[in-house]
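Here come two complexes built around chain A, the first alongside chain B, the second alongside chain C.
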Partner chain A sequence: MVAPAVAHAAIWIAVPVLATLVLSFTDYRVFAAPRWIGFGNYVEIWHDQVFRKATWNTVVYTFFTVPFSMGIAVVVAVLLNQKLRLRTAYRAAFFLPQVTATVAIAMVWLRIYNPQFGPLNGVLSFFGVPGRAWLADPDWALWSVIVVGVWQGIGLKMLIYLAALQNVDENLYEAAAIDGASPVRQFFAITLPMLKPATFFVFVVSIIGAFQVFDLVYVLTDGGPANATTMMTYEVYRSAFQDFRMGMACAQSVVLFAFLLFLTIVNRRLTRSDEK
Partner chain B sequence: MKIHRHRGRVGLLAAAAALSLVLTACGNGDTDGNQDDGDVSGELTMLTPIYEGTEGNRLLEEEILPAFYEEYPEVTVSVDYQTYGTLNEKLTTAVAGGLIPDVMMMGVGWVEAFAANGVLAELDSLGVTAESLAGDYTPQIVAGGTVDGSLYALPIMLDTRFGCARMDLLAEAGYEQPPASWEELRDYAVALTERDGSGTLQRAGFDMLSMDLRQMYEVFLFSAGGSLFNEGATEPTFNSAEGVAALEFITGLMNQDQVEDIGFSNTDADVHPLLNGRAAMAVCHNNLWIQLQEAAPELADQIQPFLINGTQPGMFFGGTLATVSASSENQQAALALAQFLAGPEPSLAANEQRGNVPALTELLDSGYVQGNPLVQFAMENLDVAQREGGPPQWLEIRGDFSPAIESALLEQKTPQQALDDLAEAARAAMGR
Partner chain C sequence: MTATAPAIRARPAPTAAQARRRRLLVRVGLHLLLALGAVTMIVPFVWMLLTSVKSPAELASFPPTFWPDEWVWSNYSGAMQAAPFATYFRNSLIIATGHTLITLLFGSLAGYALARIPFRGRELLFLGFIAMLMIPTYTKIVPQFLIVRFMPLSGGNDLFGQGGSGWLNTWWALLIPGGLSPFAIFLFRQFYLSLPRELEEAARIDGLGELRIWAQIYTPLIKPAVATVALLTFQESWNNFLWPLLVTTRDELRVIQVGLAVFQQQENTAWHHLMAGTTLATVPMVLLFLLAQRYFIQGFTQAGIK
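Right, the complex of A and B next:
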């Protein structure tokens, strides 16, 4: 009975992962057979200023997009869990960015951020605030990408929280209301604690998703200006398809994987100790 | 009018097919290289970043390939359309997967990498040599398809970069001719730059941001008398005094003279700033003429190309070349297709569709070239044009150019530091 599942896991997960790991120790340039170089790629990564920058950018992107989008998502989910007119339409509207192609979203945001004709600078100008070259200014480019990332990430998280909210016992709220707890107090004392399992899931999935951000950067900034928005995945892409250095791309992927594994374990430990 | 043109084109395509056969026969000096069209057969795959879009697809599938099939009825061609943005990915996965297309279109500067790694067939062994092309192409274009003295690619079209000026705007400022030197360029650009009362840029005196930064820099590098690599392409030379001077001039225009602001334009701008009056001068691509005809035909008499003159005239050219896979099972058929596409009329049609510069010098007299001032200008000045590329690692090196130029423009590094760091990365790549 388990044979198909094992075969699936072996062919589609174990073999590619092992191949990536093995190739990360080689100088593999597509044109010729891989050549074993031990930790050569990892040493180069360690000294690579651009990859270091990409790692930092990825951490910053994750640090801001994940909690902000989670925070907004849980509030939106709670609001949309109320009996509202057009509730379904609101839910669909919030979920829409999740099912829209990132490239399309990025194109829209390119327009919004356009320094000369974009509505963002138009609105700021109306209030007398000088506009900026949001995606061309190295001081603002990463933050501009983060804003799009937060906006795009709300939908799925909201959906998961909405599903989780359906399992919260209504009696808890009724009891709290009888005891005089305000809606805000109920939110912090009942809703958030009851959403903890969902929060763990959303957190892990969001971190993985944030660390894998690629298409947004690819369309919005191409990693620029001056590598101000390059990310780990973008460097993997550049190594593989610009430099033809598949071995290096594999090593960078392994580093990315190690980051994700570490963060997931830390999060799991924290949650476990919390549960105890 | 259009139907008439198409009729004429189909007729010329048939003539081109015949001519390509003659060229093929001429190129095949030895018995091994001889190919009779009756012997040429097989199913070919072709990867191309040109003939893009509905019009490009139609041109290839309804005009060019049917004309090819008339001459080679035993050959069929499956086309994989890509863009230059995705070509690397496609080629990489094709090579890794062992499914290399029989005919591959690629850019100048790409040939070295694929030839050095045995992906491309040496055309000399198939009977076509650089010498046989010498009479039809300028030497530097043939050199773009030549590696270590062997021919690997047939030129189809060129993309050139040079200066363009809005003469009506220059006239308003009292200038009757485009700038003839860097100093004049700076003076003109400063005078032509316009800002509103709050200091917001309204018109760039000289737009540098609508062009890929690497290619924009290369125009100035070449005009400064610099080069990307030394003669044998064994050492980067773009960080020489000439290269640094070129980047200092660019950063000076941007940061000291403030003839343009970061973010004012970009390579994806819907309308080129020259066409909507947001720039008075720019480094432009020859296909600007296509956009001009669509967006601002009234400016046809106002856009004037000019060579950017430092210590010498500077012009950059890239291009698209047809190559044959070394692993193709139908190399003669693949060569026949590559030669056909590089022939006069198919290449003329492809260039006309993209607004590019035909590689064949005989096409200088064609109606298309004569009716397109930018293409005509490019062809008339190809003798001063220089290409990029050199070492097989160029594709790896070139990706680092834009961040380096950006870091200088943003004053994160001095031009010397930016180019030195880039040269260091280039040396590392060349040493691997």
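Right, the complex of A and C next:
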């Protein structure tokens, strides 16, 4: 009964992962057989200014979108974690960007950021602030992408926090209230510490997600202007499907994987030492 | 600050009326805050809808209008003529449905076996699936593409995968590789594990085979779970972009997300058509989500907590 699933996973996951590792040591351009070049691709990656830029952008994107959307998500979750009229409606609103396609969402933001006709510049001009070409300006493009990433990322994190809040003991709040602790103080003294395991979990999952941002960049900026928003995933895509350098693309994806592995392990270490 | 000082000093007890007024104020503030957030989340979607029914002339004015001067519903039929959005839509529907059916059948079979049938190496196999669950898309996508490209004996390829284009630009490429995820198997296993053991023991004593126990006894008991996995799979498949982008180059096989991106690159000034297409790509998921919110929330929470 499990055989079809095992066969499927073997062909489409296990073999590809191993192949990625092996091919990363080759020069392979699809129409000629792979040629073993040892660490050639990795050496090239190390000196590749564009890939460095992509790595930096990925790190910046991740470490801005993840904490910001987590911060908003935890506040929203706490506010929603009580008997409240319209509670389901609010929750649905925050979750909506999570269930809709990133490509479609990016199209809408493309219009919002449009320098000539977009509503963002429209609103700014109403307040007398000059608009700008958000996605075409090298200084602003990455931040504009990050804003969309934060906006889209809140929903899922909020949901996980909401689930975690179910396990926080109500008595703690009652005791704190009797001691005269304000709601804000209760939030920092009880809620946040109790949510620590959930926070670590959300952090890891979100980082893994954010590191693989692709659709958003593909539609919004195509990696530009002047590589200002290119990401590691985007470089893998370019190497493999625009330059047809499959070996190089594999090596780049191994580097991406190494980053994720490193971050996950560091995080697990931190969680462990925290529990002791 | 009074909040940080130990609360030894007794505060004057507020009168009942004061307390009620305070509570009311807090409530109002809470709702204002949440409403502001909710509006921020929804406004882009409203904007998309309103933009999709504005005339090109109105869309080329600055500052932009919020409410359309006139509602140009013909933008939708216009979009369908400008690009085969109807075909894209149909393709997305076929593939999302196909993925869902494949996942439900093989995912539940595998999940059942991993949860309920003791066999040698079961734990190891399960660990294997967990490991594969952690593999990021980009660590496998290049070889996946190569396997599709060099699929033997298809698309003009010989036994060694040479000479043709393999599964590229075929339904196979769209349906099979993404058809089953370790994640669905994992979820199914957890659901089957949560059921009592006595059922299967009774069934086995009655001489029922595993297939019948799976089909007639256990699976009917996890119907909500089946709905959850189905919705998550459908949503994931409908929204998927990268894989269909890689394996299709012909309009007849393009899914709506890819069709949308291609249309945007070719006609990047036809905003009225683009937003109509975007609405088509978005509305099915929004409706599905609003109709089955409970299952979505459950699914994503389970997916999140593991």
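To be clear about the criterion, the second predicted complex is superposed on the first by the 262 of 276 C-alpha atoms of A that agree within 3 Å, B and C clash if a C-alpha of one lies under 4 Å from a C-alpha of the other, contacts with A are read in each partner's own complex, and residues count from 1 in each chain.
By our rule, a residue touches a chain if its C-beta (ideal position, glycine included) is under 8 Å from a C-beta of that chain, and two chains touch if they have at least 3 such contacts.
Treat the numbers as computed from the prediction; the structure is a model and nothing was measured.
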Simultaneous placement of chain C and chain B on chain A, clash or fit: clash
May I ask you to decide whether A:19 touches chain B, chain C, both, or neither, giving the answer as first, second, both or neither? second
Is A:214 contacted by the first partner chain B, the second partner chain C, both or neither? second
Is A:76 in contact with chain B, with chain C, with both, or with neither (first, second, both, neither)? second
Go through the superposed model and pick first if A:270 touches only chain B, second if only chain C, both, or neither. neither
According to the stated criteria, A:246 is in contact with first (chain B), second (chain C), both, or neither; which is it? both
For A:129, using the defined touch cut-off, is the partner it touches chain B, chain C, both, or neither? Pick first, second, both or neither. neither
The answer to whether chain B or chain C touches more of chain A is C
Taking the superposition as given, does A:236 touch the first partner, chain B, the second, chain C, both, or neither? second
Identify the partner contact of A:97: answer first if only chain B is touched, second if only chain C is, both if each is, neither if none is. second
State whether A:2 touches chain B only (first), chain C only (second), both chains, or neither. second
Could you list which residues of chain A make contact with chain B in one structure and with chain C in the other? 30, 110, 116, 240-241, 246
Which residues, counting only chain A, touch chain C once they are in their complex? 1-2, 4-6, 8-9, 11-17, 19-20, 23, 30, 72, 76, 79-80, 84-86, 88-105, 107-112, 116-119, 121-122, 125-126, 151, 154-156, 159-160, 162-164, 179-182, 184-185, 201-202, 205, 208, 211-212, 214-215, 218-219, 232-233, 236-237, 240-241, 246, 249-250, 253-254, 256-257, 260
Which chain A residues qualify as touching chain B in the complex? 27, 29-32, 50, 110, 115-116, 130-138, 223-227, 238, 240-246
Inside the complex, what are the residues of chain B that reach chain A? 88-89, 92, 95-96, 113, 117-119, 198, 200, 261-264, 266, 268, 278, 395-396, 399, 402-403, 406-407, 410, 412, 429, 432
Residues on chain C engaged by chain A in the complex (per definition of touch): 3-4, 7, 11, 30-31, 33-35, 37-42, 44-45, 47-48, 51, 59-64, 66, 106-107, 109-110, 112-114, 117, 125, 128-129, 132, 135-147, 149, 176-177, 179-180, 182, 185, 210-211, 214, 235, 238-239, 241-242, 246, 257, 260-261, 264, 271, 274-275, 278, 281-282, 285-286, 288-290, 293, 296-297, 300-301, 304-305
